[in-house]
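These notes open a run of structures that come right after.
In what comes next, chain A is part of two complexes: it sits with chain B in the first one and with chain C in the second one.
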Partner chain A sequence: MDMTGEYRIAAARDVVWAALNDAEVLKACIPGCQELEKTSDTEMTALVVLKIGPVKAKFKGAVELVNINAPEGYTIQGEGTGGIAGYAKGSADVALAADGDETVLTFTANANVGGKIAQLGSRLIDSTAKKLANKFFDNFHKHLSNEGPEET
Partner chain B sequence: MSTGIGARVKRKEDKRFTTGKGKYTDDIRNDNQAYAAFVRSTHAHANIKGIDASAALAMDGVIEVLDGHQLTGDGIGNIICGWAVTSKDGSPMNMGAWSALATSKARYVGDAIAVVIAETQAQARIAAEAVVVDYEELPAIAHVMKAMAEDAPNIHENAPGNLIYDWELGDEALADAGLASATHITTLDLTNNRLSPNPMEPRVAIATYDDAEEHYTLHTTSQNPHVARLLLSAFYQVAPENKLRVIAPDVGGGFGAKIYVYPEEITCLWASMRTNRSIKWTSDRSEAFLTDAHGRDHVTTAKMGFDDNHKIVGFKVDTVANLGAYMSLFSSSVPTYLYATLLSGQYNIQNLHCNVRTYYTNTVPVDAYRGAGRPEATYVMERMMETAARELDMDPAELRRINFIQTFPHQTPMLMAYDAGDFPKILEMAQDAADIAGFAARKTEAAGRGKLRGIGYSTFIEACGLAPSQAAGSLGAGVGLWESAEVRVNPVGSIEILTGSHSHGQGHETTFAQIVADRFDIPIESVSIVHGDTDKVQFGMGTYGSRSAPVGMSAVVKAMDKVEAKVKKIAAHTLEAAEEDIVIEGGQVKVAGTDKAMGWHEVGLAAYIAHNLPEGMEPGLKETAFFDPVNFSFPSGAFICEVEVDPDTGVTEIIKFTAADDFGTIINPMIVEGQVHGGVTQGIGQALLEQVVYDDDGQLLTGSYMDYTMPRAADIPFFDVSHHETPSPNNPLGVKGCGEAGAIGSPPAVINAITDAIGNNNLAMPATPQAVWRAIQATKSVAAE
Partner chain C sequence: MYSTKYHKPASIADATAALTAGEDATILAGGQTLLATMKQHLASPSDLVDIRAIDGLSDISADGNVLTIGAAATHTAVASSAVVRDVCPALADLASGIGDPAVRNVGTIGGSVANNDPAADYPAAMLALGATIVTNTREITADDFFEGLFSTALEDGEIITAVKITAPAKAAYAKFPQPASLFALVGVFVADGAGGVRVAVTGAGEDGVFRQGAMESALGANWSAGALDGVAASQDGLMSDMHGAADYRAHLIAVMAKRAVSAA
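Here is the complex of A and B:
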């Protein structure tokens, strides 16, 4: 399924763009993210705890930034395996538009799961994915709203 | 109280089943036992680039991790489909290679890739999680209508376009001409929903290799242990038959899913030899959903033409069937010889044609499930008849009656020669029992309560008692389909029956004993049934296709004929009478019309002591017979379902289900009724509740009972079951088989009733409350326009 959303962030587009490329910021904002380490400018490894329905598992995987078009947007994509729980993967196209001092962030995200997590939690995947996507951008929005003024 | 044929004898086996004393495969614990856990593909379609077992091998209790390259390297053969179906252009079916452990490619979610052997089940399962498989994901096909697309990914190299075969039966030109002459044509598009069989006991295997004897023993949940041994020996190259014993002890339901030899049994046997340990594998329910062969999954378009007298003048059926990722043992025969052959139903149809294309998809293999092909045929036929009756504004019973076959034997244009039946009679019985006359008043009364009441028919026929070996062979079957029996009269007169039929819920220990008690007029307690062990029973083709009574019992009867002849010879010799004057009754062997008699047990003793036998007679009293039927048997039935639908919620309540069946001679009415109850319940499950769902990537979404709905007591009404016996002329008992009828006949009766209630014929199975509610809304919006 595709999920879409829009956030108005009280920070300049360059600031928002920098945060979107900051592994520490991403780690703080990705729900359940326990580890996120940069392996190159555009690649990271991640450890994320996910709970979908009755299945709770640690997903180890990779996060990659592609289609980079600074500072207008990129695609962030991730893929992880959770052992017997199966795998989860997703991506989000993120676009930033400057609007005066503020930035309008829009995203289109999708998620796929496989293995046991699909067999047991399928009814909950759409709602969980939506919740996780919104939580990420919510966190991101809050993060910038709190810290933004100090950085400028 | 009589214990013979026709008596309601309580099931002998139920004492142990109801007191927890049953001995199932998982109850067996061997010395030196280790446990297997399988590493299964989480992708529906992926190349396997590598397997890293190093972390798993280092874990506590892990003995070995084995993969498909090692398995094929040891010469273990591919899993086969045993029924060759030829395409209409003469080309053979495209059977793709199926290794018990996938080597280069995984083709469905759940495909076994490696096996972990460890000291405990928990250790094996935890270590299986630590085996890292490097996948290269490939695009997958989950739905059969997408398998035929031009840009569809290819699942097996030797099956271009994923086509397995394109097959036909009947005369297309005749069917076309018939339809061209019709004054009314009914067209239907139907989907037969995909089901998971769900026997109560999951599959289990314990393989034990004895390196001193180079001998294997496999305890397994099989419906046909001898067929399993044959396959494991002749095709999978595990061991020669004399070095392999297969035992299927108490088995808790099969429904078809336990006919086949699966990758797990093969792998456990091989791993037992590799590790010199007894290897046990117990499926959990999740693995059952992922690996037990599924059933049904057809997409069909059908056209039926009628003349001015409402007689059927042409019938054309085009079906696409999903066989899953690999061809399972009988998979090819289910949508062909067990399906198209029954598309004449109970009706006299001369111009008939059916085309069937089967495809691979990235889903669990699909094979025979209770009814196997015949429920699909009945669904097409009986949805068609009801729909046509509505379009013609006719009583659906009357349209059926006009077209019923009246005389027997009847040769259909679809290979089958129906043996015996009385279709008008069983329809009338069902109508009386269902109180059709009172339906209009009940409908009005229900309307007063805001409920939509509807009634639906299904008059069906099935072919049981698989089958004449020669006929099956000419249609492509890889094996003969006879059955064997041994009747062993002990020196004290008690009897053991060794049968190749296998009981996994059918009550053979009771019904097989009944026919022996009936024949020799001895107490049923004196008769025991031995089955399910290749070291004890001579051979057998097993239990499926409602064949145990028509074929398995017939073999027992043939062996009893031989016993009786010998008994009479011994008695005539001892009592100094003529053989033809000897009768067996009341536990005695008598000279008719005199008081000269021997006890039954005295004859047994005489045979074994052998002090005074007729000249040239061998001692002992034990006879073996093989029975190969001359034809299928053809049970038929008339089912009527009455429902009430709540238009606000779409919830369907089955108010009454009436089943009038013709099973030929009935051995035990109580057991037959139980089979009908169970079969109809599974059919109601298909009609209202059950559906295997895959997402577009081939991920199984119904992997537990949270998402796959089995019928529960509250979904099921009380049944009205009655019988009319027209004995089959094709076997000595006149029996026809009753195991599948309920599941075959009931789905269309339920859907016909709901569509009658809601006034919208466009309703697919399962008719969940949401589906029914939507259909009601669609009717309303049409009415509003």
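Here is the complex of A and C:
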């Protein structure tokens, strides 16, 4: 399933672009992200704890930035395995458009979940994916608006 | 395998202590969701703090038109309580229709409300009745309590002790159950109570229970099923899954709302 969204950020496009490439910022904005380490300029390893209702699963995986077109956008993709819980992968195409002093960020994201977590939670996967994608961009928006990311 | 330490505190203070001491401790309030999740190893808490033996936590009482239901009251206890039947019969009816007898005999109102499953029955009642959720530290209105899919205003280690409901003039719940799980595919609770006319919908929203504003206005002006004719529920933000698409759920919201109004 695809999710889309748009945010108007009160910061110049170069600033937004730099933040999108800053591992510390990404770590603060990815919901449940506990560790995010750069292994190269475009690759990172991540540890994400996903807590949805009674389910609490730790996903270990990799995050990669591809289709880089500075400073207009990129695709951020990640995939991870959560042991017995299953696997999750997703990506988001992010585009930045300058509008005066502000920047309009648009995204199209998709997510795939498999294994036991998908089997048991099928009725909730779409809602959860949407919630997490929106949470990431909400956090990112708040981060750049100097409100700091919301506690997850 | 993993080990889990089981605690059965007799007081809120002991429960709080056990929750704080455990590395990844969680409250067991009946376990009709949690235990099934643990069996699948989708949750593996270090400590389970069973709050059901805490003194007074299962009590149901009424003071005038205010009903107080202890958090550890089972669905069966609520369904069969003469006090609930007297003050808010719609709530007793709702409790009698949750899951199956095995779930009703063990599952609790506090557990259901804290879990905030987007298809659970109780959250719709709490929101429509303008209930107050009482915890060990504060009182939270239902409007502020339910924050979205499986999220609530509860802090880590905060324990729901009771819910308080003011008797409504009229109320009823109508549910279209998903036949396998018996969760609500769509459930609508209508109430004309202290907070005015309210319509709360469960089972349908992507972000959990929500109020249906258009129906509230229509019923506020004219409390009858006919007043809902032509008030269509929007598909925006509704779930689409293998059990039903968003347009189907939107249609069911209208049908269930009418049934509930007729029954109230």
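Please note the rule applied: the second predicted complex is superposed on the first by the 143 of 152 C-alpha atoms of A that agree within 3 Å, B and C clash if a C-alpha of one lies under 4 Å from a C-alpha of the other, contacts with A are read in each partner's own complex, and residues count from 1 in each chain.
Keep this in mind: contacts are C-beta pairs under 8 Å (C-beta built on N, C-alpha and C of every residue); 3 or more make two chains touch, one makes a residue touch a chain.
Bear in mind the structure is a predicted one, so any value in this text is a computation, not a measurement.
Engineer: Touch test for A:Thr128: chain B only (first), chain C only (second), both, or neither?
Structural biologist: Second partner only.
Engineer: Which partner chains sit in contact with A:Gly115 here, chain B, chain C, both or neither? Use first/second/both/neither.
Structural biologist: first
Engineer: I'd like to know which partner A:Val55 touches here: chain B for first, chain C for second, both or neither.
Structural biologist: A:Val55: touches chain C, not chain B.
Engineer: Looking at A:Tyr87 after the superposition, I want to know if it touches chain B, chain C, both of them or none. Which is it: first, second, both, neither?
Structural biologist: After superposing on A, A:Tyr87 lies in contact with chain B but is clear of chain C.
Engineer: Chain A residues touched by both chain B and chain C?
Structural biologist: Touching chain B and chain C on chain A: residues 53-54, 84, 116, 120, 122-123.
Engineer: Give every residue of chain B touching chain A within the complex, in rising order.
Structural biologist: Within the complex, chain B touches chain A at residues 42-44, 109, 125, 128-130, 286, 289-290, 693, 695, 697, 699-704, 706-707.
Engineer: Touching chain B in the complex: which residues of chain A?
Structural biologist: Listed in rising order, the residues are 53-54, 81, 83-84, 86-87, 112-116, 118-120, 122-123.
Engineer: Inside the complex, what are the residues of chain C that reach chain A?
Structural biologist: Touch residues, chain C against chain A: 24, 33-34, 37, 40-45, 115-119, 148-150, 206-207, 239-243.
Engineer: Quick check: in the complex, which residue numbers of chain A touch chain C?
Structural biologist: For chain A paired with chain C, touching residues are 52-57, 84-85, 116-117, 120, 122-124, 126-128, 130-131.
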